[in-house]
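Heads up, the next two complexes both have chain A, just with different partners, chain B and then chain C.
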Partner chain A sequence: MKKLSVFQVATKSLLRKKARSLLTVLGIAMAAWVLVSLFGFNRGYEASLNKDIDNLGFQMLIVAKGCPYEAATLMLKGGTGLKYMDESIAASVAAEPEVEGVTPMLMQVVFDPNKGESGGLAAFLGVDPASFPKLKSALPFKAGGWFSEPEAAAAVFGYEVAELEQREVGDLYLIPEKEVEVKVVGILERTGTQDDGTIFLPLRTVQKVFGVKELTSIGIKVNKNADMKAFEDKLYKLPDVQVVSLSQVKTTIMTLVSTARVMVFSIALIAILIAMMGVVNTVLMSVMERRQEIGILKSMGALAGDVFKLIWLETVILCAGGGLVGTGLALVTARLTDVLVRNLLPYSPSGGLVAIDAGLVLMTLGVVTAIGLASGVYPSWKAARMRPLDTIRGEVES
Partner chain B sequence: MSAPAAYSIEAEHLRRIYHRGPEEIAAVDDISLRIEKGSFTSIVGPSGSGKTTLINVLGCLDNPTSGKLKLEGRVVFENGRGLSEAKLTRVRRDVFGYIFQKFYLVSTLTVLENVVLPFTFFRKPGAGEDVPRVLKLLGIDKRIDHLPGQLSGGEMQRVAIARALVNKPDILLADEPTGNLDTARSEEIGRILQELNVREGLTVILVTHNPRLAALAQRTIELRDGRIHAA
Partner chain C sequence: MRNSNAKALAAATAGALLTAAVLLLHAAVGCDLNDPDRDVKRLFPGSTGYKTLYVSIAKRGGDELQKKIEARLGDKFTGLFETADVPYTMYEVYKGADLIGYIHGVNQKGTYGGIQVFLALDTSGTIRGFYFQKLTSRAAKAFRALSFGEQFQGLSLEDFYKYDVVSGTEDPAGPISRIKNPDPGSEKDFRAALRAAKKNLILVDEFLLGNAHLKYFKG
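What follows is the complex of A and B.
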């Protein structure tokens, strides 16, 4: 005759008070849901933010001294105000061990009388076809792609400038004042950055068309493990250049993220403690209600350890069940959570804000099972030490 | 190798004292008795006479305060020293099967699952093979898939008896097993206990208020104020 396993007895015992068991499972599920969603958000936000920063292509920009911000110079002085640096600087920077990649750039601005109602500035950025697309690999194209020839008469339009000029891939564009025609080979998607208003041309083409042999800036991508501050200090030693670093921006945002992480841990901890109290209460109530049954189990041969194991297992089943439901809910509602959080935050990165992976699911299940193990100790111990005679008589102290 | 004991239970000067505030109550007061193997004994007496306390002490559900108690020739209590709860549990599962006034069936387990529930914690060698026969003997073999809520009171008590028997106990202790049943069902349970004693050779000790049930036993012990009044 096949015997019932302790697991079967525990499961069937829990089914006796279905509503109570279900509510307890839901309580744990909520805690697990909060845990998975919060940690998923923490991971997702950090990963997306890092990706956004990495997608900028380079973390540092060196410009000629006296020209810390291109935009300000352009606005105040037009093309004439631009300062230049020697092209050889790019090669010497690229030789530094901290550098993963460099891309030389030459910015030129001309007045375009056909721009807007009374004309406006047209910004041309000469970029190296070999290095720039690699560093800015995340730039999305609406149509076409990058030029590949160093001196091609080709252009890639930022989203806004393409809209303004009403250009499509294959159209020709006449560079104002220079009377040189270039062919539009690519149009970028909107990025929300200054790239939207820029016309990209090959570096050599810009140098040739505008008669300039130098550079206005060099974009630098630094190795992930490099000491940014030390490298920044090293770059300052180069003559006549100024360093604009994104490391400070990144550090500030990551500090904010770390602060948020502490808050997330606190909230998760509170959710876990509340769930634990709920489980202890439920199981203890169940033990007190079933004391006569526990007495009978002991009279039929169950040792204190057997009773402890039975009640402990019931607690673990409740918690593991809640953990499964909670992680399932978190997975199903991840997209909804993403949308809600995105609406609440003043700034959110472009990638997924909630990242739930197998590791996080397993960690959560491990945590809730550990909660079950911890929560079950007291009720199980209480049940295990009941004497059968007292329980059958109903005299056990509660 | 020692010869098998002639008595299932041997008690000498057993006392069980309870304290209610400063008052000392002797629920079992200097009782000596011997229960022969394979006998059917009923214990009767008015309420508060100590019947249940005596059967609990004899059945190792409770330690006596003093006296000596031997089960199957083995001393389990002497000179004020009793067994630990773990040892008492081991004695209980080796020797006794218990039936109570309440059936204490698990409502979410079927009849069969309730009957084999003791095996989850302890199983005597070869005990499982006997289950179909026990179910048939008690007339519940056709209801094994039913839940307790689908059974009558008499059927539930028969399930409780089957549960007490599956581990092949030497002694069956029944404390007011018909207290919740009508006359017809009470007599049915009485007949079953008698049959278990006669056909299976089981030692049966029955505590009851019911004189008709008590009359089924070969020997009746009458208690009054914790002492044996007539035996």
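What follows is the complex of A and C.
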């Protein structure tokens, strides 16, 4: 006669009530799914935000005085400036000892009747050919390169805008409203940042074409050894400008996100508690239904410890199974979660928002299995203390 | 029984998730009507509904089919919007249960940017409407004028086969030669519009009309 291991007996017992076991596993899987996705989001969001900030190439941005949150959005999303500032500010900032480099920028927006359903906005970022490429040296080119002439009728297209407009190096582009032709001299690789959707033109060209002499922003790269806080205070003394440091931007965004995160973590905790109660209920019900079987096991020589081990193992199998399904689901749907979360948040960095790695998967499996061990204690103890004669007679045990 | 229900539920959930993922992946490419409900009604005033089909050369025949289509066009496919995996969105238009026509748009490279040319066709593949959904050109106003699009009405792939998209000539001169360029200074955009119309008709013939017009192709 073939001898069955405790694991086999436990598995067989669970398979006898397939639907109930499946639903319990699904309950745990949902909790594990939420847990992995949330921790993955926690890691992914911050990592992507840091990457976005690094890709900017400068640590501080000066914009004309306005709301700091709008300024932060401008910095990260590449929108338009609210006000203009005098070009001389760039020179005075560059003279500061803490500064490694500055780059003046002018963002302009025109209405493009050919964009979208009933037209849309086309944004152009005027950048200084001498300083901007140096600060943004990490920007990779798919084809071509930066313009070098300060007043060239030339443009560098971000990856997505080049794809949308079907432009290649050497092609022409017509600035809407202004009817000015520029030649595409470079196309950037996909960076996953706002640069993908930007059309870069030389600063002087933008100033000439749009008839604006001022700037909308100045990017500043600070020396590594400089005291950022002291330098920021110094910049605030400049008239009518707003200083946005990347540490401020990051703190503001992370504060906004953490509020939402605390709420979602609370929901996840409730989901885990509900799943845990579900496991206790399922296993306890199973124990009560199998009273006679447990009694027979005991009368055949099984010790209380053996019965405890059997029931405990069933609980662990349920939880570990749910954990595996849940983490698998989280991995498979990470991209979908990314898209959903991106639609819900007021600001999302351009990289992946949900980062799930092996460590996180193992940690979740560990947590869920531990929950299983804890949930299984009471039903296992209840089963272990059943008296064989009482259970075989079918008497109700209180 | 309960088992089969659970399996069906799991399969349906997985299917829904996969479909959502596939749609998300495809959302950024292709050439769709800006507002299908409104645009279908405008192009086919008597219509009561439409069906959207997604097809691609890669799925229907791969490199072999692309070569065949290029031969019918008389030009090679180039650029991001002329690869074998571009998903073409085709609309079948219905009046009640009756199919009354098709709408299809293609992307085409223009002088200053991407051009999107849409054709409304009857069930035999004859053009009943032509318009630019997207066009960046110095002569955009003239090209978008109704009078320009009306010149395409009544033409079919049979007419376009005689038009060489590379040289921009029709031999012998026929209905395509009679289409007037509204702005001689924008010849490149004019030719792009004709090439887009021919490409559009070939794709509709291949994917929707069962190559009904292939017999007119003189290779």
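Rule of thumb we're sticking to: the second predicted complex is superposed on the first by the 208 of 398 C-alpha atoms of A that agree within 3 Å, B and C clash if a C-alpha of one lies under 4 Å from a C-alpha of the other, contacts with A are read in each partner's own complex, and residues count from 1 in each chain.
Following the convention adopted for this analysis, contacts are C-beta pairs under 8 Å (C-beta built on N, C-alpha and C of every residue); 3 or more make two chains touch, one makes a residue touch a chain.
Everything numeric here is computed off the predicted structure, so don't read it as measured data.
Contacts of A:370 after superposition on the shared chain: neither chain B nor chain C is touched. Of the two partner chains placed by superposition, A:345 touches none, neither chain B nor chain C. Using the contact criterion defined above for the overlaid structures, shared-chain residue A:277 touches neither chain B nor chain C, since it reaches no partner. Legend: residue contacts after superposition of the two complexes on their common chain; A:114 is shown touching chain C, with no touch to chain B.
In the superposed model, A:304 lies in contact with chain B only, and not with chain C. By the document's definition of touching, of the two partners only chain C reaches A:167; chain B does not. Look at A:269: by the touch rule set out above, it reaches neither chain B nor chain C. Look at A:179: by the touch rule set out above, it reaches chain C but stays clear of chain B. Shared contact residues of chain A with chain B and chain C: none. Across the complex, chain A is touched by residues 2-3, 6, 17, 20-21, 24, 34-35, 79-81, 107, 109-114, 134-138, 140 of chain C. Across the interface of their complex, chain C is touched by residues 18-19, 22, 112-117, 163-168, 172-174, 176, 179, 181, 332-333, 335-336, 339 of chain A. Listed in rising order, the residues of chain B touching chain A in the complex are 56, 61-62, 85-86, 89-90, 92-93, 96, 98, 100, 102, 104, 106-109, 113, 116-123, 128-129, 131-132, 163-164, 167. By the touch rule above, chain A contacts chain B in their complex via residues 1-6, 9, 12-13, 15-16, 292-293, 296-304, 306, 387-389, 392.
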